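The structure appears below as structure tokens.
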Amino acid sequence: MAHRSGPSGFLLTTYDTAVNWTRTRSMWTATFGLACCAIEMMATGAAHNDLARFGMEVFRASPRQADLMIVAGRVSQKMAPVLRQVYDQMSEPKWVISMGACASTGGMFNNYALVQGVDEVVPVDVYVPGCPPGPQSLMHGILTLQDKVMSGEITR
Amino acid sequence: MSIYSSLADAFPSVEFEKVLDPPQDVAHVPAADYPEFVAAAKTAGFDVFADLCGVDYLRRDPRFEVVLNLLSYSESARLRIRVGVPAADPKLASITDLFPGANFYEREAFDLFGVVFEGHPDLTRIVLPDDWEGHPLRKDYAVGSVPVRFKESPKAQ
Amino acid sequence: MSDTPNVVTGDLEAPTTEAPQELSESTSEVAENRREVHDMWVAGSEEPGWMRSYTDEGAQEMLDAGDEPVQEIYRGTVVTDDFIEDEPADDDELQILNMGPQHPSTHGVLRLHLELDGETIRRVKPIIGYLHTGMEKTAETLTYMQGSTNVTRMDYLSPMHMELAFSLAVESLLGVEIPERGQAIRILLTELNRVSSHLVWAATQGTDLGAVSMLIYGLRDREYILQFFEKTTGLRMNHNFIRPGGVAADLPDGWEEDIEQIIGKVEQGVSEYEELFNGNPIFRDRTIGVGVITPEECKALGVSGPIARGSGINWDLRKAFPYSGIEKYDFEVPTGKHGDVWDRYIVRIEEIKQSLGIVRQVLETMPAGDYRTEDRKVTPPPRKRIDESMEALIHHFKLFTSGFKAPAGETYRAVESPRGELGMYIVSDGRERPWRMHARTPSFNHVQALPTMMTDSLVADIVATIASCDPVLGDVDR
Amino acid sequence: MGWFADMLGPFRGFAVTLRQMTRPRLTTSYPKEKRVKPQRFHGRHVLNRYPDGMEKCIGCELCAGVCPARCIYVRGADNPPDNPVSPGERYGFIYEINMLRCIFCAMCVEACPTEAITMTHLFEMSTTTRDDAIYTRDELLVEMDGTPRHPDPPNRLFDFDELKLGSGWMRATAPGGRAAFEGVVAWTPSATQGELPAERGQSAASGAEDPDPDSRSSSPQGGEELPTDPPDRSSSPDGEELPTDPPGSVDPDSTRSSSTPQGGEELPSDPKDRHEP
Amino acid sequence: MSGWELFFEAAIKAVAVFALVLVTVIILVWFERKVVADMQNRLGPMRAGPWGILQTIADGVKLIFKEPVVPRKVEYALYMVAPIAALVPAILIFMVIPIGEPFTLGDRVINLAGADLNIGLLYILAMSSVAVYAVVLAGWASGSKYPLLGSVRASAQMISYEAAMGLALVPVVMFTGTTSMSKIVDAQAGDFLGFLGVWNIILIPSFIIFFISGVAETNRAPFDLVEAENEIVGGYHTEYSGFRFALFFLAEYANIFNISAITVTLFLGGWHGPNFGAPDWIAWALPIFWFMAKSFMLVFVFVWIRASLPRMRYDQLMAFGWKKLIPVSLLWIVLSSVAIAVRRLGLPWT
Amino acid sequence: MNPELVVFIVFAAAALAGAVTLVAARNPVYSAMGLLLTMVSMAVFYVLNDAHFVAVVQVLIYAGAVMTLFLFVIMLIGVDKEESREEKIPYQRPIVAVLAGGLIMLVFLAGRTAWVVFDNGVTPVGTIENIADELFGTWMLPFQATILLLTIAAVGSLALALYQGGARVESALAGEPEDEPAAESGGGE
């Protein structure tokens, strides 16, 4: 969609917007809970914060059906290939939220065992600081991602 | 406490040391006596396996030490067993036949310190990938930290 | 097995079947396992070959940034990477299933290597290390002052217990006494933490057995405790609140009402869980007689906590080696008989009630006074004093730049965490950082005991058993 | 009776789930409404100013030293004599926090001798790049009126009510464990927020019967003495007078209500007023 | 009436039924998520349209535009066929369910059902027994182990409960004397004491057995071991993504509604219900309303069960089916046939 | 050209394709699917001939139950194994050729025969009643005897299977070794 001039441009834009809207409203999450952040991710899904409001309570155990991978927790050197593999198994379009200090940069564990930032392994769309980020911080990250998705075009 | 003294009588080569906080005994066991001592401790009542870990006293001889914690439910007593392991030949008998619970702990000590437990059924790396080089909890193994990223710090440039 | 070298390495140029490991006595077994690894790694069969060599037991380093995966995905077409040969069919009955490390019911990143005969499990091998964080190494770089931030992230469901064990160990090295109020606050927070941890267990146990609402209910009731923790410590988890020398701050205003509210909410919640599960025939059938472990096995494997108590071992460190003044409070130690999932369920539910009882006693008998030792080598001076006294300012600077020194020696202190005996072994060389810090974490033993509980049970029993062990992988791998 | 309960057993679970439908829903609809955060909440850091606009940071690097994640980078520089930035000799001319490393343990807040760095209730820090999460001095410094700067002001989720609150942890840890110092205002006033009140009703201060901490032998090294005159009338360390506000009158959770500066008029005469160069 | 005329009528009805199934599923998914949320003190979907009413549409459109990955090891043809094989029986079953009162158009009576087969019940059983193929094929064709486990579980489960389901229907057939769905509905017309419908609900054991088997046939909790997320990841649809997964999703919910609708038709009086003397223009739609209302009430029960019960284990499931449901339904057949015989022929000693 | 003919042609082609698949497919699952396709097509033919009941029973019993069991067994006994291409019967191919020729001749002969069409005015409605009358009236005793025989055969074959390769069948059929669910399943159907 390089050229979007003329009357069809409007249609295409509407089409893009509509599809992106569905994507933001129905972003199914791959369960990639690793450590502390996973517990907060669960808490985000629980009654007090309710991820379901975003249509996101559908945690898919199978990465094939997931749109979003929330890397929740520290990624060890041993886990990194698995992470990459789960990412590869997800079908396009897919997004990654790096939740928490450990996933984003290694956090306070600046040592031999951890991958210092999950963006060394998979492309990350949104970083959520916090250790662990509270449910609302995570939701802010999700909203940031939704903004990002809405502003982009359909890639496929 | 009789449970300690009976052990002390049986093993004159073992040095006992009293610790007050928390009250318990620490046994300094020569590596040669280690499995027999553990077996004796088990029969003496310390039949619960609690903990096993390695320590690297870099500049001391023997350089490594394996620390074993046993527990007695009946006497509410603890026993800490410290065994020196020389750096040149870091080998120690495995006690997995006495305490199956030592299995993972010995693997961990092997993984992180390189202490080889002879007679262990499956002495492989446990927490680190199999192809890892080195034993990270040794003192001569670097922490492996990377510089923290800043905008204006000299390292970030 | 060995005729498909590419399967093992995924590398056309330099095929090798040699597993790069030293001192391994079971290389062939590992290699054999490796061939199967890709089948069931996470969800599917389709693993690009380049990944396989790295994924087998984890990898030390990642691919170069420019290295693209071999796999090409075309929209709507078959993914082809034809250099991987199809494996020959198995003639034996056993099929190998890799559960995890990313599986919804392995509570994090535990990986189980299963040999299945139909749906029956013949052999289990837990593989851990996917969350190895190097905390024991990090602890050697942090001062005792900062140490709590490190240990609190080990067992992320019971951070207070981790902090307490660390603080107790450091205090036993230092030989400082904690004021009564500090001790009472510690007990209050750790017992609340026990409740919140057990609530997460209840949530996961329920949801792993398929009762989806239980996940929400457990986390819902835990939220009240977390809110209190947040009010007290400023953080919902990983509090860094119990420190060597006492606690970081006093309880916030109105804490009594909060505690009353928590007790009310959790008691109501627990009664609801019992209503949901106790009489439910499906739940009973799925838990009674499942995942049995005997007291002898518990002792030999070092299994502690509710699992050991579920087997009938009447052992609780709070009774046997009381810490932090827990002996002043009145509580029972529930035990089971059969050591199955059901008994552990009963024990944990009862422990929630007992802990709430302790919390209520603490609420009633909270002493006044200092909540942190006033040893200036350990505790920073009151902020007011910094302005007034040069000495206080020096203490402040000294403490926050280099921390405090602990006398040389070694110590092992254990507390009863929600999962069992949580010990902290610290070797000090007389400086302000531990020479060696080792955490004896209960989940480590429990994961080790999983094969004992699981062998010859069904696939569905795996999840029930894992959930009833309530392992926290941060606790296992550290 | 027992058999009856047994028979009902399978169905009692249904009653539980059905009962929930009559209960209120607990959900906070986040983008529309936010959870009320407690005073001590550890949020994003800010660098504070004195009421006259001077920066509080003196570039002493205590925060950087104590940070377990090493996520703070500070460089101090001598104050320019003609236009001093901070009241002391030095000021922090580079101050960066890598929020993605930060674990929000608030050790920096405890360490800071001048209360320069405190934590607000801001929690919305998600970024799309790693660099955006590195906060520089410009972003961390509060405005002259004490409002923290936010890197993304047009953000629709921006809540101005949250901005001026915070520093609860600094106040909570100020007594250093001593009951007698609880409720003692021991910090300098900040820009327009004036002198922040002590965290209300620290229970020992309001209810302790131990009147004379000097007689105790629990402070052997410090040799400090209690302040002779209580700096804040409302919360005396002697514990004889109760705080002027009854403890229940203000919801401790409600950060909004307690955010009003209470001691503003006392500022000029405060003895600890260190901001005069 | 020529063959083509019939053909077109059938075609129109088929399209209408398909549309109805789609719309119902869209509402159904939203309904389920809302009800489950309500049972868990939550709000449920809120941000897709008002009260999240467009949630299902968002899900569906998103899935359609998602990349359908086809893993390397699949059996291509069967992998592709399986999702369709899941949806077709679901829609075919719905074809025979009368959703409202027949009305006359010109000189023809048009049934509000796709087709009014005189062997409707058997047809339903046949179709639901074919539905298992989708699950089995999906699991097998995926060429990976979790789906295979799921499909093995599915085939055993669905065969077992098919038997119980069929047996549960025998008393209904005996009671009403027909296997045509519309005639079964007709047999439940009229009321008792002025307000209670004369429904087949008096065959309560049949009703319960049928509903339980129906829950099992649709692989819903507590019988959802086929796709038990905590055990075998996604079960048979683990390897499916994009719109193929959406087809499975659609089929599952269509089946839920089917079971509810069949139960309503067989036991709860179908579209019968009080009309409160409503005017004609509204009385026309009232049967459809009653039908839908009753069906959604049963859907609510589905959701309620899911929110309340833990999942059964494989062996317990089989034991429950073979050792409890089938013997009970056999016993009930005997009892009810005796009762019916007595009602028709009188007591032997009179 | 009426719709019935269209339907017939389509499903006749499907039936043939299914039959060919059944014989030709290497993978037993595909063979089973081919058989399934043929059966369903047959059911459609029954419908075209107004034999609704037979059609439904065809689907219910053969497609629904029997084939599912086939599949179940095929999957459990190693799906990945290909059928052996070895010919075990001597002179297999010539025999098949002769038989095929005979079949084709039969079809031609059948096509030339003048079929007697009964048209006694009996509407196909009520087929169930007719069948039931026949089964439970006229042929009551043979019917029951057949049931008994089939049950015995099922139980016997299972017993044999259990005797030879015990573990497999046990775990295959229920995952519950202590019961004999297989025997029950024979009775239940």
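A few comments on the model shown:
Just so it is clear, A, B, C, D, E and F label the chains in written order, and each chain counts residues from 1 on its own.
Going forward, contacts are C-beta pairs under 8 Å (C-beta built on N, C-alpha and C of every residue); 3 or more make two chains touch, one makes a residue touch a chain.
Computed from a prediction, not measured in an experiment: that's the story for all the values here.
Graph distance from chain B to chain D, where chains that touch are one step apart, equals 1.
Taking the definition of touch as given, a chain qualifies here only if it contacts chain A and chain E alike; those chains are C, D.
Just count the C-beta contacts per chain pair and the biggest one is C-D.
Centre-to-centre separation of chain C and chain F, using mean CA positions: 56 Å. Once the centre of each chain is set as its mean CA position, chain A and chain B turn out to be 42 Å apart. With centres taken as mean Cα positions, chain D sits 30 Å from chain C. Rounded to whole angstrom units, the spacing between the C-alpha centres of chain D and chain F is 78. Multi-chain contact residues of chain B, defined as those touching 2 or more other chains: 127-129, 136, 143-145, 148-149.
Each of residues 39-43, 46, 67-69, 229-230, 233-234, 238-239, 307-309, 314-315 in chain E touches at least two other chains. In chain C, the residues that touch at least two other chains are 42-44, 46, 57-60, 73, 75, 103-104, 119, 129, 132, 134, 137-138, 141, 149-150, 211, 213, 216, 220, 223, 238, 276-277, 280, 282, 458, 477.
On the side of chain C, the complex with chain E involves touching residues 39-40, 42-46, 73, 75-81, 84, 86, 95, 97, 103-105, 119, 206-213, 216-217, 220, 276-277, 280, 282-283, 285-286, 458-463. Considering their complex, residues 19, 21-22, 47-51, 53, 55-57, 67, 69, 71, 73, 76, 78, 80, 99-101, 103-105, 108, 110, 112, 116, 121-133, 136-137, 143-145 of chain B touch chain C. Chain E contributes residues 38-43, 46, 304-305, 307-309 to its touches with chain D in the complex.
By the touch rule above, chain A contacts chain D in their complex via residues 47-50, 53, 101, 104-108, 110, 117, 119, 125-131, 133-137, 139-141, 143-144, 148.
Here chain D touches chain E in the complex through residues 13-14, 16-18, 20-21, 23-27, 29, going by the rule given at the top.
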